[in-house]
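As C-alpha cells, here come the structures.
One chain, subunit A, links the two complexes that follow: it is found with subunit B in the first and with subunit C in the second.
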Partner chain A sequence: MTYSLNFISVELALVLGALLILMAAVFGAGRKTLGFAALATVMIAIFRLPATMPPGYPVFDGMLVSDTFGYGMRLFILLTVAMVVLMSLAYAWPQDEDMGEFYFFILVATVALNLAACAGNLAMVYLAVETLSIVSYVLAGYFKRDILSTEAGVKYFLFGALSTGLMLYGISLAYGLFGTLDMSFIGSRIAAGDAHGPALVVAAVLILAGLAFKASLVPFHMWVADVYEGAPWPVAAFLSVTSKALGFVLLARIFFSNAVVAVPFWSGVAPVIAILTMTIGNLAAFHQNSVKRMLAFSSVAQAGYIFAAMALGQAGLSTAFFYIAIYAFMNMGAFAAAAFLSPADAQLEAYRGLGRRAPVMAFLFSVFLLSLAGLPPLAGFMAKFFVISAAVEARDYILAGAVVLNSILGFFYYLKVIKAMYFDDETSVRECLVPWLGYLLVGGCAWGVIFLAIHPQAILDILALMFV
Partner chain B sequence: MSYFLTAIIFLPLAGAAFIALIPAAQVRSIRLAAVAFNTAVLAAAAVVALHFNVSAGLQFLEDRVWIPQANIHYTLGVDGISLALVVLTALMGLLAALASGCITKRVKEYFIVYQVLMTGLLGTFLALDLVLFYIFWEAVLIPMFFLIGIWGGPRREYAAWKFFFYTLAGSVAMLLGILAVYFSVVPHTFNMIEIARSSSMMPIAAQMVFFLMFFIAFAIKVPVFPFHTWLPDAHVEAPTPVSVILAGVLLKMGTYGLMRICIPFFPAAAVLFAFPLAILGAVNLIYGAFAAFAQTDFKKMIAYSSVSHMGFVLLGVAALNATGFNGALLEMFNHGVITGAMFLLVGVIYDRAHTREISAFGGLASVMPRYAFFLTFMSLASLGLPGLSGFIGEFLAMAGAFFRFPSIAVISAIGLIALVALFLVIIRKVLWGKPAAHAGYPDMNAVEIAVMLPLAALTLAIGFYPQMILQFQTYAVNALVGLL
Partner chain C sequence: MISLGHFVALSTVLFCIGLFGVLTQRNAIRFLISIELILNAANINLVAFNRYLAPASAEGQVVSLFVIGVAAAASVVGLILIISIYRQRQSVFLDDFNLLKW
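For the complex of A and B:
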C-alpha cells in the first residue's frame, strides 16, 4: 500500500495543484499567476517522478503497473504538458476567458494520461481514457462564445462518445472471454493459446477502434480537423501531441506488452491502417487553406508514420516511440510557432510575408515544418529514417515505399506555408509580438529538433531502458 | 585524426551564422564576410590539394561513430574522384559570391542561404558514409529552392517547385536504395569503402535493382534525358551566381554519385548497364545540342548546352575504362569552369540589357571588346577547341567510349558538330553584326574581369597541361577500373 501511494504521489501532486489553482481562481488570481502555478505543479510532478521508483512492483493489486515503459511515458506526458502550459502562458488569448478552469482541466487531463500510461487493468484503461476524453471535450470547446470552438467541443464529444463506447464494448467482451480485466492475465492466457476465435478478434478490433480515435488513425480521424480548428491553439497542441501519444501508449500496452493479440489480424490490418492514415492525412492536408487545419491533417499523417512502425510488430515498437519523442518536439514547436505568428487568424494569407516581419519566429516555424516533412538533417528525418529502415529490415517494401512516397507528398503542403512566409509579399502590416516565454518554448523545441538530429542516441538510450 | 575536411564542410555554415549576426542594412559587410569565408574555404581546399598524395587512395580520413544503434558513422575522406570537385566547388563558391553583386534585395538572407548550400555541396563530395552522404545531398535542396524561388526571375516559383520535386523524387528512391544495400551487405554497414569492397558478392539481380534505385537520383541531378526538363527552367529563372553554382557544381553531384556509388558498389550491374548508359549519354549529347539551337533565350541555350556536355561525362562513365573515367572526371571539372564562366557572361550582358533574347544583341564586339574576348574564349573552350581545357576532357571521354562502343561514339559526333555550330552561332549573333540599341553599354568592370580571369586561366592551363588535374585522378581511376 505504501508503495502504491508513493507510486501515485506524482498524480496526487497534480490533483492537489489543480484544486489549489481552481481555488486561487475563485479568489481572483491573475492569469499569469495561475499559469505559473500550473507550470510549478507540473515541475513538482516531474521532480517527484524519480522518487516513485523502483519499478517492478504491483500497484493497487495490479490496477497499475510500475514498469520502465510507464515511467518513461509519464515523463513524456509531464514534459509535453509543461510545454502546453508554457504555450498557454505565452499565447494571446483572444477573449477574457477564465484561465483558472483551463489550467485545472489541463492538470486533470494529465492525471488521466498518467494513469492510462501505467494501466494494468482494462477497467483502469477505460476510466482513464474516459476522464481524459471528458476533460478534452471541455477544453476543445473552451471559447464559450466562439461558434467554431463550440462546434469543436460538440463534434469531439459525439465522435468520442461513439469510439469510447466501442472500446467499452470490446472490454466487456474481453471480460466475458477471460473472466477478468487484468491485462497481464489476459496476455498470458492468449500467449498460452487458451483464447482464440471470432470473439477475441471482435474485442480486439473494438478496443483498437477506441484507441485509434485517440491516435487519430484512419478511419477514426474525421474529427481532427474540425476540432483542432475550433479549439484554442494550446489545446490543439495538447490533443495533437500528448493525447495522441497516449493512443499509441495504450496500443503498445494492450497489443504488445501483454502478448500480441491475434497476430495474423495485426500484421494483416495494421499496415493497411498505417498506409491509409498517412496517405489520407497528406492528401487532405494538401487542400487546406487554414494553417491550423493543415497542421491537423499533417498530424494525422504523422500518426500514420508512427503506426507504420508499430505495424511491423515487436521489432518496430521502439522505433514508433522514437518517432513520438521527436514528433513531440517538432509538432509542439510547429503549433506554438504558428499560434504566436498569427494568434487569431489561421488562414494561410495571414502568414504571408512573415519571414520579414518576424524573422526569428518564421525561421523556427520553417525548421519545424521541414522537420515534420522529414528533411535531413533535422530530427524529423531521423525519425522517418528509422521507420523506413525498420520496414526495409522487415522486408516490408510496400510499407517502406508508402512512407517514402508520402514524405514526398508532405513536402507539398509544408513548403506551401514556407513559401507564403518567404516568397509572397505581405498583405498586412500587423505587428508580430511574441512574449519571451514563447521564444523560450519555441527555442526549446528547435533545440530538440536540431540536437536530436545530431545526437539521436539521447532518445535511443532512454528507449533501450524502456523496452527491456 | 585530422579535422581538415570537417573544417572545409562547416566553414561555410560558420559563415552563415556569422552573417546572421550582421545587421541586414550593412550590405557591404555582409558581402565582404561572404567573400572572406568562401576565400577561406578555397584556401583550405587548396591546402588539401597541395598535401594530396597522388599515389594513394582515400586520404584525410575522418571516422567517428555517430549513431551506434543504427551503425551510422561520420566518415569523411577525399580521393582522386572527389578532390577536383571539392576544389571546383570552393572555387566556384568564391567566384559566384563575388559575382553576387546583382543581388540587391534581401542580401543578408541570400548569403545565409548561399552559405548553407555550400556546406551541403562540399559535404556531398566528402562524405563516405551513405547516410551522411544522403543528408548532405538533401541539404542542398532547400537552399536551392529558396535561391531560385526568392531571387529568381518572373517564373521563379514554378522553377523552384519543379527543381525541388524532381530532385526530391529522385533522392527518396536513393534512400530506399541506401537501406536496401545496408541490409544486403554482410556485415551490415553504411561505410562506402566497405560496401565497395563487399557488395560485388551480391547476386546480379539485386545489384541491378539497387543500381537503378541510385541511378534515378543521380540521373535527375545530372540531368539525364528524359529527366532534364527541370534544368532549363531552373537556369533561366535563377539569378546569375546561382546558375553558376547550379551548372558548375550541382550537376556534378549526379555524375559524382555514378562514379562513387553506382560503379564501385555494383560493378556487375554497371557492366550490364554500360550500353544503355552510353546510349543515354549520346542522346544527352545530341539532344542537348539541338535543343540549345532551338532556343531564343541566351541563358537557355547555355543550359541546354550543359545537358549536351553532361552527355560527354555519361559516355566517359559508360566506357568503364581508365581513359573514359579520366575523361569523365576531367570533363566534370572543365564543364564546371567553362559553363560557370558562360553563365557569368550571360549575367554580364543581362545586367546591362535586362533581356536575354539572343536576337536583341548583336555587334557587341565593337561596344564591349573585353566582353567579346571572354565570350569568344569561353565559347571556343565550350565547343572543344584543342588547346583549351574542354577539348581534353571531351576527347578522353569520347576515346574511352570509342574503345568500348565505337558505333555510339561515332553517332555522338553529330552532337559534337552541333555544339561547334551552336557556339559559333552564339558568337555571331551576340558579338558580330550590326550594333543594335545598346551602343552605350559599359564594358566589363574590374570585378567582372577579376571573376573571369581565374576561369580563363584555368581553361588555358588545363588545355595545355591536363596533367595538372589528371595526376590527381589516376590512382583512383585505376582502382575503380580494377573493381570491374
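For the complex of A and C:
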C-alpha cells in the first residue's frame, strides 16, 4: 500500500496543485499567477517522478503497472503538458474568459493521462480514458460564449461518448472471454493460444475503435478538424500532441502486451488503416483555407505515419514511439507558432506577409512546417526515414511506398503556408506581438527539432530502456 | 431457466438498438440516449459474465458501478454543452451544427 501510494505521488501532487489553483481562482488570482502555479505543479510532478522509479511490483493489485514504458510515457506526458501550459501563458486569450478552470482541467487531464499510461487493467483503461474525455469536451468548448467553440465541444462530446461506449462494450466482451480484466493475464492467455476466434476479434475491433478515436485514425478522424478549429489554440495543441500520444500508448499496452501482437487480425487490418489515415489526412489538408484545419488534417496524416510503424508489429513499436517523440516537438512548435502569429483568425489570409512583420516567429513556423513535411536536415525527416526503413526491413514494400508518396504529397500544403507568409502581399497590417514565454516555448521546440535531427541517439537510448 | 445466453442476447440487442440510434438519430438528445443504451448493454454483460463465469470475485459488478457513475458525469457535461449550444442556435439537431464543416 505504501508502495502504491508512493507510485501515484506524482498524480497526487497534480491533483493537489489543481485544487489549489481552483481555489486561488475563486479568490481572484490573476491569469499569470494561475498559469505559473500550473507550471510549477507540473515541474514538481516531473521532479517527483524519479522517486517513483519502478522496482516492478504490481500497484493497487495490478490496476497499474510500474514498468519502464509507463515511466517513460509519464515523463513524456508531463513534458508536453508543461509545453501546453507555457503556450497558454503566452497565448493572447480573449479578455472576458476566466483562466482558473482552464488550468484545473489541464492538470486533471494530466492525471488521467498518467494513469492511463501505466494502466494494467482494462477497467483502469476505461476510467482513465473517460476521465480524460470528459475533461477534453469541456476544454474544447471552453469559450462558452463563442459559437464555434461550443459547437466544437458538442461535436467532440458526441463522437467521444460514442467511441468510449464502443470501447466499453469491447472491454465487457473481453471480460466474458477471459473472466478477468487484468491485461497481463489476458496477454498470457492469448499467448497460450486460448483465444476464442470471432468473439475476440469483435472485442478487439471495438477496443481499437475507442483508441483510434483518441489517436485520430481513419475512420474515427471526422471530429479532428472541426474540434481543433473551434477549440482554443492551446487546447488544439493539447489534443493533437498529448491526447493523441495516449491513444498510441494504449494501443501499445493493449495490443502488444506480453510480446505478442494480441490478435490475429492485426497484420491484416492495421496496414490498411495506416495507409488510409495518412492518405485521407493529406488529401483533406490539401484544400483547406484555414491554417488550423490544415494543421488538424496534417496531424491526422502524421498519426497515419505513426500507425504505419505500429502496423509492422513488435519490430516497429519503438520506431512508432521515436516518431511520437519528434512529432511532439514539431507539432507543438507548429501549433504554438501559428497561434502566436495570428491568435484570433486562423484563415490563411491572416498569415500573409508575416514573414516581414514577425520574421523570427515566421521563420520558426516554417522550420516546423518543413519538419512536419519531412525535409532532410530536420528531425521530421529522421522520423519518417526510420518508419520507411522499418517497413522495408519487414519487407512491407506497399507500406513503405505509401509513406514515401504521402510525404511528397504533404509538401504541397505545408509550402502553401510558407508561400503565404513570405511571398504574398498582406491584407492587414496587424501588429504581431509575442511575449518572451512564447519565444521560449517555440525556441525550445525548434531546438528539439534540430538537435534530434543531429542526435537521434538521445531518443533511441531512452526508447531502448523503455522497450526492454 | 434463464442462462448466460439470455443475458448476452439481451445485451447484444440493446447494443444494436443503441448503435442503430446513434447512426440514424439527428437529435442530440436522442443521440445521447442511444449512447446510454450502449453503456447499459456493456453493464449487463459485465454483471452477467461476473455471475456466471467468475463468481469468485466481484470485478465485473464493481466495474459496472464505476461505469454508471462515469456515465452520469459524461451525461452532465454533454447536456451542459447541448444546453449551451441550444441557447446560441435554438436547435438541438446535429444538421444545424454546421458552422464548422463536418
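Assume the second predicted complex is superposed on the first by the 459 of 468 C-alpha atoms of A that agree within 3 Å, B and C clash if a C-alpha of one lies under 4 Å from a C-alpha of the other, contacts with A are read in each partner's own complex, and residues count from 1 in each chain.
By our rule, a contact is a pair of C-beta atoms (placed from the backbone, for glycine too) under 8 Å apart; a residue touches a chain by one contact, two chains touch by 3 or more.
Note that the coordinates shown come from a computational prediction; the quantities given were computed from them, not determined experimentally.
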item	value
Touching partner for A:L375 - first (subunit B), second (subunit C), both, neither	first
In the superposition, subunit B vs subunit C on subunit A residues touched	C
Contacts of A:C432 with subunit B and subunit C, given as first, second, both or neither	neither
Partner chain in contact with A:V404 - subunit B first, subunit C second, else both or neither	first
Which of subunit B and subunit C A:V360 touches, first, second, both or neither	neither
Partner chain in contact with A:G153 - subunit B first, subunit C second, else both or neither	second
Contacts of A:V201 with subunit B and subunit C, given as first, second, both or neither	neither
Partner chain in contact with A:E393 - subunit B first, subunit C second, else both or neither	first
Partner chain in contact with A:Y126 - subunit B first, subunit C second, else both or neither	second
Footprint of subunit C on subunit A - complex, ascending	123, 126-127, 130-131, 133-134, 137-138, 141, 144, 147-148, 150-155, 157-158, 161-162, 164-166, 168-169, 171-173, 175-176, 179-181, 222, 225-226, 229-230
In the complex with subunit B, residue positions of subunit A that touch it	356, 370, 375-377, 381-382, 385-386, 388-389, 392-393, 397, 400-401, 404-405, 407-408, 411-412, 415, 419, 422-423, 456-457, 460, 464
Touching residues on subunit B, where the partner in the complex is subunit A	67-70, 106, 131, 134-135, 138-139, 141-142, 145-146, 149-150, 157, 161, 164-165, 168-169, 172-173, 175-176, 179-180, 182-183
Complex interface listing, subunit C residues touching subunit A	8, 11, 15, 18, 22, 28, 31-32, 35, 38-39, 41-43, 45-46, 49-50, 53-54, 59-60, 62-63, 66-67, 70, 73-74, 77-78, 81-82, 84-85, 88-89, 94, 97, 99-102
